[in-house]
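Two complexes come next, and they have one chain in common, subunit A, joined by subunit B in the first and subunit C in the second.
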Partner chain A sequence: MFASKRLSKELLKMQDHLPPGITIVKSDNLEEWQMDIKVLDSNPLYQNQTYRLKFTFSNKYPIEPPEVQFIECPSTSDHPRPIPIHPHIYSNGIICLDLLSSAGWSPVQTVESVCMSIQSMLTANSRDERPPGDSDFVSYNRRRPRDINFFYDDDNV
Partner chain B sequence: MTSITLDELLAMEATCDRDEVVDLRSLETVSSYDDHLMCPICHCPFVRPVRLQCDHVFCQKCLNSAITAFAANRDDFTCPTCRTPTRGVYLNVPRLLLNMCDDIKVRCPCRNEGCPEIMPRGHVQSHVDKYCGYRLMKCPDSSCNKKTRKKNLSPEGRCLHEPHRCLRCDEYIMEQDYETSVLRKALREHIDTCPEVVHPCTASKYGCPVKVKRADLATHEQTCPLIAMGPYFEAQNARLDSLELTIRHLQQRNEIFEDGIANIRSTLVQSSRALADQESSPANSDPPRQESSSNQSQIDSSNLYTATTTNYLLSLHESLREEVGQLSHAITDLDARASMALMNECLRLKEDMAHTNAAVGSIRMQVQWLLNPRLHQGQRAGARPSNTNTGNGNPASTSGPSSAAGPSTAFLRPRRLSDSGREGTKL
Partner chain C sequence: MSFELKQKGNALFKEGDYNGAEEMYSQAIQKNSTEPTFFTNRALTRIRLENWTGTEHDARAAIALYGAHSTASLKSAWYLAQALLGQQRPQEAHEVAVTAYRLSLKAKEIKPKDSQTENLSRVVLRAKQAVWAAKETARVRELDETLASVEGLIEREVERGVEELRGQLERGEIGAVGFGEEQKEIRGEWEEKGRRVREVFGIAGEKKGLVERVVPDYLIDGITFEIMHDPVITPSGTSFDRVSITKYVEQAKVDPITREAMTVADLRPNYALKAACEEFLERNGWAVDW
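Moving on, here comes the complex of A and B:
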C-alpha cells in the first residue's frame, strides 16, 4: 500500500518530466518497471547505445531498496539493448553499486535518482572491462541481486 | 527545542497513531503544492513532520520506518537525505511549514460516497469527524455487518439493510437505498415503468371504466371504442371551450352596455326632475316642509348636475382632442404630399435645364462652325492686301494697316459675341 502510493506519485512526476537520456519503457504495474538510459557525453565505451534497466519493487519500497539490474535484448530485435561494459557490471546485468544495497540505500532515493546515479556511473568509467571473476559469477550465481553480499571496495566510481 | 532520542521517537509512534481518523497520505490533493513540502520518503505533503539535527525534515511515521529498517544499532543511523549521523530528533518544526502543509486543498476522503467538499488539509480530520454526512458508519444493528452513510443513520437505530419488496413487482430494494432521496426517485421511476402496476385506460376521462395492468393496457387500448372516439371528443371539447370564452366576452360587453343605459336613464330622470323643480320653484306656494325636501333634492340635483357637466366637458374635451389629432394627421398628410409634388417639379425642372443646356451647347457648336469659314475668309482677306502690297509696291500704307486691323477686330468681335451669349445662357 505504502509502496504503490509512493510509486504512483513517482510515476506521475516522471510522466510530467524526466531528465535527459532517461525514458520509461514499462510501468504498467507497480511491481516491475523498465527504464531505458543513455549516456549523454561522448564516452566512446557507451556512445550511441541505449541500455535497459529493470526495477523490481518489494512492497516495502522505498524503505527497502528496489532490485535493479540491466536486461539484455538481442541485437537482432528492433531495439537492441546490450549490457554495458563496466568493471562493476556483470555480464548478466547485475550491478555492484552500494546505493542499491540495503546498507547504502536511502528511502529518499527514487527511480529517477537511481537511473541518474547509474548514468553517471557509466559516464565516469573509462575501463573497458568486466569485474574480476565475471565468468565464474555468471555461471554459478543463482541468487537474486539483493541477496549477494558485494564488497564495495572501489570508491572512485 | 530539546531533542529526543530515536528510541523515544519510536515509542511515541504507537500513541500518536490512534487518534487519526483519516489517512492524510491517501487524500487526493486538488491544488498543486511545492515539492519542498513533500516528504522525501513518502512523497506526500508532510504529516506530523519532525526535524533531524541536520535540518532535514520527514514525516514522523516515515522516519520511524526508516529507523527500524536501517539501523539495527541505533547509533549509526544516518539522515536518509544527507547521511549525517543522527542521534536526536526535534519535534518542533517551523510553524510556517505546518501551516503550508495544512493549507493544501484536498478532497474529502468520503468522495466516493458522494461528499463534494474540498477543504484545507488541516480541516479534514474535524470535517470527517463531525460534519461529513457521507462517512460510512457501522450499521446500528449488531447482526448486520454492512455500513451506512452517517446522514442516513436513523435516530431510532434501525437497520436499513433489510431488503424490502417493491409493492408491485418482485424486485428487492434495500431501505437504505430508497431512504435517500435520490434512490427513492429511482423507486418512483421504477413504479412509473413497472409493467405490473394497474393503470387506468387512457380514455378514462371519457368514461372508460377499464383498469388493467400496464402490460395488458396496449391490447385493451386497441379495442377500446372510447379511444377511437378520442379525437372527436377532443375537438368537441375545444369548441366548447372557445364558445364559453366568447360567451364570457359577450356577457362582459352586455354588462357594460347595461351600465351605460342605466346612466343615461338616471341623467334623463334627473334632468326631467330638475325641469320640474324649476317649474315648481317659481310657484313657491308649497308648505315649508315640502320646501325643505325640495331644497334637499335641489342640492342633490346640483351635485348631480355638476357631475354631468364635468362629464360633458370631459367628453367635449375628448372629441376636441380627437379632432385635433385628425387635423394633425391631415396636416402631415398634406405636408408629405406637398413635398412630393415639390420634388417632382424640381426633378422635371432639372431635366428641362439639362435639355436646354444641351441645346445651347449644340447651338454654340453650330455657331462656331458657321463662324469658322467667315473667320477664314477674314484672314484670307487680311493676307491678300499684304500680298498685293508687297507685289505691287504701292504705297497704300494707310489702307494696309487699317485693312490688317480690320480682320483682327472682325476676329475678335464674333468671339466676344459668342462669349456674351454663353454668359447669358449660364445665367
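Moving on, here comes the complex of A and C:
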C-alpha cells in the first residue's frame, strides 16, 4: 500500500523527466523495476557501455531500502549488459554501497537518486578490479544483499 | 449468548456474507445493547454494505458506550467519518476526523500499534477534498446560473427591440423591407453579444482546468510524496508528514537527512507549513489524489 502509491508517483515523475544516461527498462509492476544506466564521462573502464540495474521493492519501501543489483545480459544478446568492473561490485552484480544498506538508507532517496549515486560511483572509479574475495563471495553467498554487513572501509573509491 | 451471536457474525463477515453478519450483530445488540464491539462490528459491516446512515448510527452508539474521550472509540470515529463522507456531509466528517486524529496522537504515546492515526490522517484529507469538491460544484453551478440569466436578459432585449420595430411598422414609420432588415440587424447584434458573453464565461470556467495541477514541492512529504496534512519538523530542519516520519524514525532512530540519532519525541509541529497546506487544499482539493 505504502510502497505502491509512492512508486507510482516516482514513475510518473520519471516518465516526465529523467537525468541523462538513465532509462527505464521495465516498470510494469510495482515490485521489480529494471533501469539502464550509462557513465557519461570518458572513464575508459565504462565508456560506450550500458549496465542494467534491478530494483526489488518490499511493501515497506521507502521506509526500507530497495534491493538493487546489476544484472547481466549475455554479450550475444541484442542488448548486451555486462556487470561493471569496480572494487565495490561483485561479479554476480551485488553492489556494496552504504546508501543501499538498512543503516545507510534514507526514505528521501528515490530510484532516480540511487541510479545517479551508482553512476557517480562508477565515474569516480579508476581501479580495474573486483572486490577482494570476489570468487569466494560469489560462490558461497546466499544472503540477500541488504543483510550482508559490508565493511565500508574504503571511502575513497 | 449474545457473544455467540457476535462470533457467528464475525464468521459470516469473513466469508463476505455482510447481510448475514449484519443480522447476527443486530440480534446480539437486541440481547445486549451495552456492548460497544457489537456496534463497531455492525458499523464495519454496514460500511461494506454502503449503508451510511446505519454506519453513522452504530458508530455513534459505540462512541457513546466507549466515551468520546476514550482512545477505544477511535476506530468508531474513523467509521463515523467515513459514514458522514458517504452521506455527503464532508464538513462534519472533517470535524470528527480532526478531533479523533488529535486524540489518536495521544493514544500513540501509549499503544503505538493500536492507534488509528494513519487511517484518520487519510480520512482527514478525504474530508478536506470532499469539502473542496462540494464548493467547486457549487461554484460551477452558480456560474452556469449566472450565464443562464444573462442569456435570458439578452433574449428579452432582442424581443423588446423587435417589438419596437413592429410598432414602427404598424404606425407606417417604416416599410416591410426596412422592418425585415432592421430586425435582422438587431438579432445579429445581440447574437454577437451573446457569443462574447459565453466566450468570457467559457474562459472563466475553463481557466481552472487549464491551469496545470501541480502541488508545490514544499507541501509534499519527502517519504510518501503526497501532500502533508500534519507536517512536523526534524532537528535538522526538514519537514515531513507526522505519520510517515514517525514510521521511519521508530524504525531507524535517525534523522533521514543527516542520519543523526533522534527519536519521535524530537519532532515538532510545523504550524506555518500546516497552515500553508491547509490553505492550498482549501482551493485545490484535487491535490489529495495527486
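By our rule, the second predicted complex is superposed on the first by the 156 of 157 C-alpha atoms of A that agree within 3 Å, B and C clash if a C-alpha of one lies under 4 Å from a C-alpha of the other, contacts with A are read in each partner's own complex, and residues count from 1 in each chain.
Assume contacts are C-beta pairs under 8 Å (C-beta built on N, C-alpha and C of every residue); 3 or more make two chains touch, one makes a residue touch a chain.
What you are looking at is a predicted structure, and each value in this text was computed from that prediction instead of being measured.
Chemist: Mind checking subunit B and subunit C on superposed subunit A, clash or fit?
Modeler: clash
Chemist: Taking the superposition on A as described, I'd like to know which of subunit B and subunit C A:127 touches: first, second, both or neither.
Modeler: In the superposed model, A:127 contacts neither subunit B nor subunit C.
Chemist: Is A:63 contacted by the first partner subunit B, the second partner subunit C, both or neither?
Modeler: Both partners.
Chemist: With the two complexes superposed on chain A, say which partner A:9 touches: subunit B (first), subunit C (second), both, or neither.
Modeler: A:9 contacts both subunit B and subunit C.
Chemist: Could you tell me if A:106 is touching subunit B, subunit C, both of them or neither one (first, second, both, neither)?
Modeler: A:106 sits against subunit B and subunit C alike.
Chemist: In the superposed view, which residues of subunit A touch subunit B and also subunit C?
Modeler: Shared contact residues on subunit A: 2, 5-6, 9-10, 62-64, 106-108.
Chemist: Give every residue of subunit C touching subunit A within the complex, in rising order.
Modeler: Against subunit A, the touching part of subunit C is residues 222-226, 244, 247-248, 251-252, 256-257, 259.
Chemist: Which positions of subunit B touch subunit A when the two form their complex?
Modeler: By the definition above, subunit B touches subunit A via 25-26, 40-44, 62, 65-66, 69-70, 80-81, 83.
Chemist: Quick check on the complex: what are the subunit A residues that touch subunit B?
Modeler: 2, 5-6, 9-10, 13, 60, 62-64, 102, 106-108, 110
Chemist: Tell me, which parts of subunit A touch subunit C in their complex?
Modeler: Against subunit C, the touching part of subunit A is residues 2, 5-6, 9-10, 62-64, 104-108.
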